Structure formats: C-alpha cells, structure tokens
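Heads up, the next two complexes both have chain A, just with different partners, chain B and then chain C.
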Partner chain A sequence: MLYIIVIGCGRLGSYLANSLSRTGHSIVIIDKNQNTSRLLNSEFSGFFIEGDATEFSVLKQARIDKSDVVVATTQDDNLNLMVAQIAKQIYQVKRVVARVFDPNREIIYRDFGIETICPTIISGEVFLDAISVPPAAMGGK
Partner chain B sequence: MSASAYNYMQNKYSAILSYTGTILIITSMLFITPLFLLMFYPFESGQSAGFVLPMAGLAGLGFILRTITRKRAPVVLNVQEGSIIVLLSWIVVCIFSALPLMINCQLNFTQAIFESVSGWTTTGLSVVDVTKVSHLVLFWRSIMQFAGGAGLVIIMLSAIAGPPGPGLSLAEGRTDLLVPHVQQSAKLVMIIYVSMIFIGTLLYILAGMSAFDAINHSIAALSTGGFSTRVESIGYWNSPAIELITIILMIIGNINFLTIYLLINRNFKAFIRNGEIRLSALLILVSFIILLFFVTIPLYDTLSSSLRVAIFEGVSALTTTGYTITTYSNWNTTGYFVLIILMLIGGGTCSTAGGLKQYRVYLMYKLLRTEFKRALLPRSAVITPFIWQGDRKEYINDNYIRQLISFVFLFICVYAVGVLILSFYGYRLEDAMFEFASSLSDVGLSAGITKSDAPAVVLWTETIGMFLGRLEIFVIFTSSVKLFKDLFLKI
Partner chain C sequence: MHIIIVGGDKIVYFLTRLFQSKGHTVTIINRDYDDCTRLARSLKSVIIHGDGSDPAILEEAGAFTCNAILAITPNDQDNLIICQLGSKRFHITKTLALVNDPDNETVFTKLGVSTVFSITRILSNLIEQQTAFENVINLIPAAGGKVNMTEIILDGESPVIGRRIKDLLFPVNSLITIILRNDEPIVPGGDTTLLENDRIVVMTLPENHAQVIRLLTGEYM
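Let's turn to the complex of A and B:
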C-alpha cells in the first residue's frame, strides 16, 4: 500500500486518483478548486484537499513527509516543476512524477532528477503511427 | 421502458441485492456470539436454537440473494444506491434480530421489533423485563448495540470486501475517514472501538462490577446504546466510581472517531479546536449548572446525590446513551426541558450517537455569527466562515447551508408528528415530548411511556422514530422514494 499525493484534480489527476484508490492505495488529491472534486467517483475513498499545492501548509496538511509517491498533473508546467522540486529536494519523496507539456523543458526536469511524462510527445507518436509514417521518416525530432 | 434502460435497472438492482446479501451473511455471524456464553452458563443451552435458527435464516437469505445475482456486470455504487442497500439490510437485519427475542423471551412481534430496533439504533429504550430473561438474551441485546453503534455492518463490509463506495457510509451517518483509504480507516475504527470496550470492561471490573455486567455496560456505554442488565440501570450500583467511569465512556462514545484519532495521535491542538468538542463541553457545563440549582438541589437531601444526578443525567442525555441513576417522575418541568433540548441536539457526527448532531448545531451558530459580522462590516466585505474538520479547514459553502436547512426542517417535522401521535394516547405533553425526543435521537431515557403494555401504535411510532433517527433521515426519505419509483412506476 503506497501513500500517494496527486496534485491537480483535472481529467488526468482524477483518473489516477480513482484507479489508484480502487486498487487499495492511500490517496490524497490537492486542487485549488473545490468544484473539481466532482470528477472523483465513488471508487475514490481518499482525501480531497482544497488549496494551492505550492504552499507548504497545504503540502504539510497532505502529510507529504510521509508520502511514497508524488504525482504532479496540473495544466501548468511551471507549477508541476515547482511542486515536484519541493517534493524531491525538501521532503526527499522517493518517487516523483510530473507531467510536462512542453517537450523542450524535459531536459530541465531531468537535471533535477524528476521523472516526466510528456503528453505532447506521446500523442505525437500515436498520431504519427496512425497516419502510418514512421517517426524516422519525418527527418529527426 | 426501453430494453437498454431495463437492462441498466436490472444490473443496478442486481448489484444492490448482491451487496445486501453479503451484508446479511456477515451480520448472521453475530448471532453466534451469545452462544460463547454457554461456557459459563451451560444451563441456558435450551435457548441456543433461538439464535441458531434466525442465523441460518439470515445467512440463507444472504446466499440466495448472492446466487440469483451472480451474473452481473461490476457496478460502482453512487450515494442513492448505497442508501437503498443500507435501508434494505437494516430492515431485514432488524426483523431477524427480533426473532431470538420472540423465541426466547415470549415477546410479541411489536415488542420484539421495538427491542431489536432499539438495540440496533443504539437507543436503549426497552420493553424486556431484564430480571426474567437469560444471560444469552441480555448479551444479545448488547451485541446489537455494539454492531449498530459502529455501523459495524458497513465497516466490516469495507474491511473485508473492499470499498463499495462512500454511499453506504453516508447513509449510515459516518463519512469521515481517519486515513485516506476506506479499508485502513475501517480497520482503525474497529481497533479503536474494540480496545476502548476492553478498557471500559476492565475499569468496571476494578470498580466492583461482575464480569458479565461489566462487559455489557461497557459495550452499551461506548456505543451510546444504554441497554442495562439491571432494572435500575447504573443506579443499581449506587457507586460514584462506576458513575464516573460511565460518564467518561459515554463522552468518549459521543465523540467523532476522527477526533478520537486526533487525540490518540496526540494532536491536542486540533482536538481543542474542534467545534463539537467545544460545544459539548459548553452544553455539559451549562446543563449541569441548571440541573443542579433548579432541579436536583431542591429535590434531593444530600448535596452529593444532587451533584451526581445533575452531571450524570445531563451527560447521558447529550451523548444519547440513556443510562440513568434516578427516575424522572418527581422532576419539575425545567429538568424535562433541559433534558429534551440536550437529547434533540445529541452527539457528534460520525460517532455512535444520534440526534440533530452537535456538528449541525455548531454550524448554525457559526452562520449566525457570520450574519452578525456581515451586518457590522462594510457591504463589500468578503467573509468566508469555516470549520475545523480534524486538521483540515473546511469552508462553509451554500451547499452545506441548503442541506442543513432541509435536514433541520425534516427533523422538526418528524418530531412534531411523533409527539402528536403520542399525545393522542393521553400522555402529558412533557412526557410525550420527552419520550419521542428520546426515540428520535436514539437516547433511551424514558419518562415512563415505554412499557411492555404500552399501546402497539405508541411502540411502532417510537420504533419508526428510532429508525429514522439512526440512519440519516434525509437519505432514507430520498432512497425510499427512489426505491418506490423504480419498483412500481417504471417497471
């Protein structure tokens, strides 16, 4: 059983929270907006915290010092980076995963030792597959 | 109805019945527990059939429900479906729990249902003559309170079978999780509850109770149930030590499990900050002073018995336990009024207590204060009232206020109707108000109306009051309407 903190209760964050909660993990999800909690369905049995995840008081309330995993899934790359950094550097959370939309920023994240997932690259590759042109034929990048 | 809609309904109700079946099977295990007492009271073995037969019936029904609904798609339950499950299983369980009483102590159907609902809802009003029934039956009454108090059925279901969704716990009136997962929370609640009962039993034994009395009273005090093994209730022992232990156990039983968890984790700041703690401390103090000076000092000879009665009865009413060390027949109306108000306010949310709940009263007080503030501040000032839930700050939005108003209105309506029905039978108004407040808030103090020879209508009115009071009244109304519509209007 892992103690997982999810930052951002959007479509992705709520999906992760629901699935992880169903499989028996302890989940705390943080979002600035209380209304987003409606995306959590009845499989979710963790805590929802309304607040700004860049504030220490909110992270402390979520017991970040006791967490095993932190996942940053907000729309904002910079915010994800900042929270991930706080989790990694200050609280030494074992595993930190962040979402980053801008492929150019991935290098910065890697320098900080933060795992990233880039939806832009992932969907780009799937798109390329779909129109059946191998990525190599596009000439690099 | 179209084929797909029919399929959807069938799927949904299969899931509902299947979960209900699981709950029934789990609950049927409880029926065995009184039989362990046969080790100490072997001469009562003649009564074991009265427990084994209902258990077999309940478990059988559970298995049948599970078998006929086996081929179902997995469904995630929402609040409404959860409440239908709770409603159905509570009704079935209450009926089956009445059977041992009918078989073993010659109660008729009305009396047995009354006693079983009183047990499961942790009320403690009783029509059983405790001097004449066996130890097995006495212990069975305590087991009902033990299970009903913790919302044990749901807790066990989520601990064993995994989360069926928060709908169930919402309908049973417990929504607060101790840790961010329902299964771990359920286990923690069970551990806290059982160890407190164990400690309570030890304390009672040290204070001079027999082991059998100790365990029964410890269960009934912590579940805020209030069934006693003696006619005079706690008054039988006439011992300040036992009264003190009982007061402490009742207060613990009335505190929200989440708040107790804070206390165990030594988070005293969050504990003191909790609105329910503050409110109940204030209420206990104020009611003690009023009862002392206006009721007990004029009534009793010695100061010590005045003090003891004033504190004990106030705590018993507020925590909705219903233990007593005296009778009310010689009390003045001030005493009645104070106890009625305390009973109607009732205990903490998500505790084992009933009533309006201190949380709602505290919320109303907060809103009143906010309105005053608003009147004094400039018109454009922004005020956001909040309350502390554990160590989380929760802002009060309109949604809360809507639910609060609807609940309070419904509660008052049900209370008025109940008092009206009791008054048809010629009881004095204060007695009728006292007795129905005691039923609706699941307290169990009695002004003398509840007796085995009371008219059947009176007993049924109180039974329904207890039932509505224990399960969240609002959820029960909406889910019954939903059930009725689904069953009779659509198919």
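Let's turn to the complex of A and C:
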C-alpha cells in the first residue's frame, strides 16, 4: 500500500484518486475548491483537503514528507511544476509526476529531471494516428 | 543593464520609470491586454502582451541577452517558473521572485531562484519593529548626533525590574541620567533598584545604543 497525494480534484485527479483508492492505496487529494469533492465516488476512502497547493503549509498538512507518490493534475502547468519540484527536490518523494499542457514547457522540465505527462502531445499523436496522415518526408506523392 | 519584468500593474510602471532614470533598459511582459495598452501609452519601453512563463514569450523579450529577470505576478507558482526558465533555459544570472506565502521564500531559494522576497514578511517586520518599541520614546540626538537621550518606560516584561543599577552590565559610555517614579524625579546611584513603570532617561552613544535598549527592554532592535 502506498501513500499517494493527488493535487487537483478535477476530472483527471478524481479519476486517479478513485481508481487508486479502489486498489487499496492510501490517498490524500487537495483542491482549492470544496465543490470538486463531489467527483469522488463511493469507492474513495481517502481524505480531501480544501486548500491551495502553492501554500507550503497545505502540503505539510497533507504530510508530503511521508508520501510515496505525488501526482500534480491541476489545470495550471506552473502549479503542477512547482509542487512536483517541492516533492522531488525538497522532500525526495520517490515518484513524482506532473501534468503539463504546454509542450514547450514540458520538454524543458523533462530535461531538468521532472517526470511530466503532456496531454497535448499524447492526444496529438493519437489524433495523427487516427487520421493516418503519413509524415511529410514520405508523403506528398 | 537590461531587465525583464513580468507581471505587476501599478508597481511595474514606477519600477520601470525608476530603472530607466538610472539608465537601464526594461522590457515588460504582461498577461493583461488593457494593462499592456496603458503601460505602452505611458512608458518608453518594449511591452509584450503574453504569458511570461511561456519560453517563446521570454525569448521574444530578449531573455538570452538580458542581465536580470524580475517576476512579480500575483501567483507564486508563475513567479517560480518564470525565474527557473530564466536561469535554466536562458542562463540569466540574476533572477528575482515575489512570493505571497512567506514559507515559499526558502522553497524558491532551494529551487534555484537567486533572490526571493515576500511583501508579507517585509510588512510584518516593519510593523513588529514599530510596535516593539512603543515603550521607547523621545529619542533626542544631541551633540550633532554623537549622543542620544532616550526615555524608556519599564514594563512588566523588562529584564531589569527589581535589580540594582550597579548589578546591570551597562556598557561603558552609557548612563541612566534620571528616573521618574510616580512623577517624582530620582537621580539614581548604583544602589538604586529599578521598578516596574519607572520612566528612565538614558544617555547613550550610537555604538552602544542598541545594546542599552536591549538590556533595559529585553527586545532586539
């Protein structure tokens, strides 16, 4: 069983929290908006903290020092990157993943050693695959 | 020196004017279109409308050749990323970030920002300094500032209450000149015991002033 902190209780954050909680992990999810907790279903047995994850005391309240995994899933790229760095570089959390929408920023931070997932690139590739446009070097004839 | 300032509304206007008057070049990046328009009307500097944490916008602002970047947006996370992109991607040596949460001062320093400042901390320090010395009044510089005459009211927290003057480790060249006890003036001697609510007038020199105040009030300057 792992102690996992999820930042952001949107569609992605709540999905992860529900799934991870179902598989028996201990979850704390943080969102600055209390209303988002309605996205957590009956399978969720963790804790919800209403608070701004850029506030250091909120991360401490979530016991970031004791966590095994931190996943930052908010809509705010910069917030996700900030929390991921605090987790990784200040608290040496073993597994840290940040969602970053901006492909340019994603590449830079991946180079700095922050594990990032870029939904833009992922869905872009899936779309390209679906419409089967051949790469420019080969195509055109 | 070329400085990039990201964010800030009124303050960026005055900062830019100040920097320009000292001969520096300033480029401003701001997310708000109306703010940009207003700044462009009143300042002779390059104003870029866009997200300062976008590497492409920073490059457009001349990040590769600038000397310092100052991030003063209202969001701590944006200020961190702006400064980190500045130093890591564009090799800017001086990066300065404003933080709202005073705890983030240490966090940002650890994450590589060269200077971090918190308005919250600055203001609270100012207020503490003002209130800590409410018992210290009438600071009169005499002899062209070489001698200070200061009146101090000894409150219940003073560490010298109940002690004789000769037992206090008073620094050389400082003196309790008079004690007002129940409005009666007493010229003190070494055997005089200090009591709560005594108003004492001390003579100090600039080099021992802080030490004397600390000795009598227990508070740091």
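Note that the second predicted complex is superposed on the first by the 131 of 141 C-alpha atoms of A that agree within 3 Å, B and C clash if a C-alpha of one lies under 4 Å from a C-alpha of the other, contacts with A are read in each partner's own complex, and residues count from 1 in each chain.
Following the convention adopted for this analysis, contacts are C-beta pairs under 8 Å (C-beta built on N, C-alpha and C of every residue); 3 or more make two chains touch, one makes a residue touch a chain.
Everything numeric here is computed off the predicted structure, so don't read it as measured data.
K.L.:
Which holds for A:Ser21: it touches chain B only (first), chain C only (second), both, or neither?
P.N.:
In the superposition, A:Ser21 touches chain B alone.
K.L.:
Identify the partner contact of A:Phe47: answer first if only chain B is touched, second if only chain C is, both if each is, neither if none is.
P.N.:
first
K.L.:
Quick check for you: in the superposed arrangement, does A:Arg95 touch first (chain B), second (chain C), both or neither?
P.N.:
neither
K.L.:
One more residue to check, A:Gln85. First (chain B), second (chain C), both or neither?
P.N.:
second
K.L.:
Just to be sure I read the superposition right, which of the two partners does A:Lys32 touch: chain B = first, chain C = second, or both, or neither?
P.N.:
Neither partner.
K.L.:
Could you tell me if A:Glu55 is touching chain B, chain C, both of them or neither one (first, second, both, neither)?
P.N.:
In the superposition, A:Glu55 touches chain C alone.
K.L.:
Looking at A:Ile108 after the superposition, I want to know if it touches chain B, chain C, both of them or none. Which is it: first, second, both, neither?
P.N.:
The answer is second: A:Ile108 touches chain C but not chain B.
K.L.:
Inside the complex, what are the residues of chain A that reach chain B?
P.N.:
The touching residues are 1, 3, 21-22, 24-28, 34, 41-43, 45-47, 49-50, 61.
K.L.:
Considering the complex alone, what residue numbers of chain B touch chain A?
P.N.:
Against chain A, chain B makes touches at 76-79, 82, 162-163, 165-167, 177, 179-185, 391-392, 395, 397.
K.L.:
Would you mind writing out the residues of chain A in touch with chain C in their complex?
P.N.:
Residues 54-57, 76-79, 81-82, 85-86, 89-90, 102, 104-105, 108, 112.
K.L.:
Mind listing the chain C positions that touch chain A in their complex?
P.N.:
Where chain C meets chain A, its residues are 53-56, 75-78, 80-81, 85, 88-89, 101, 103-104, 107, 110-111.
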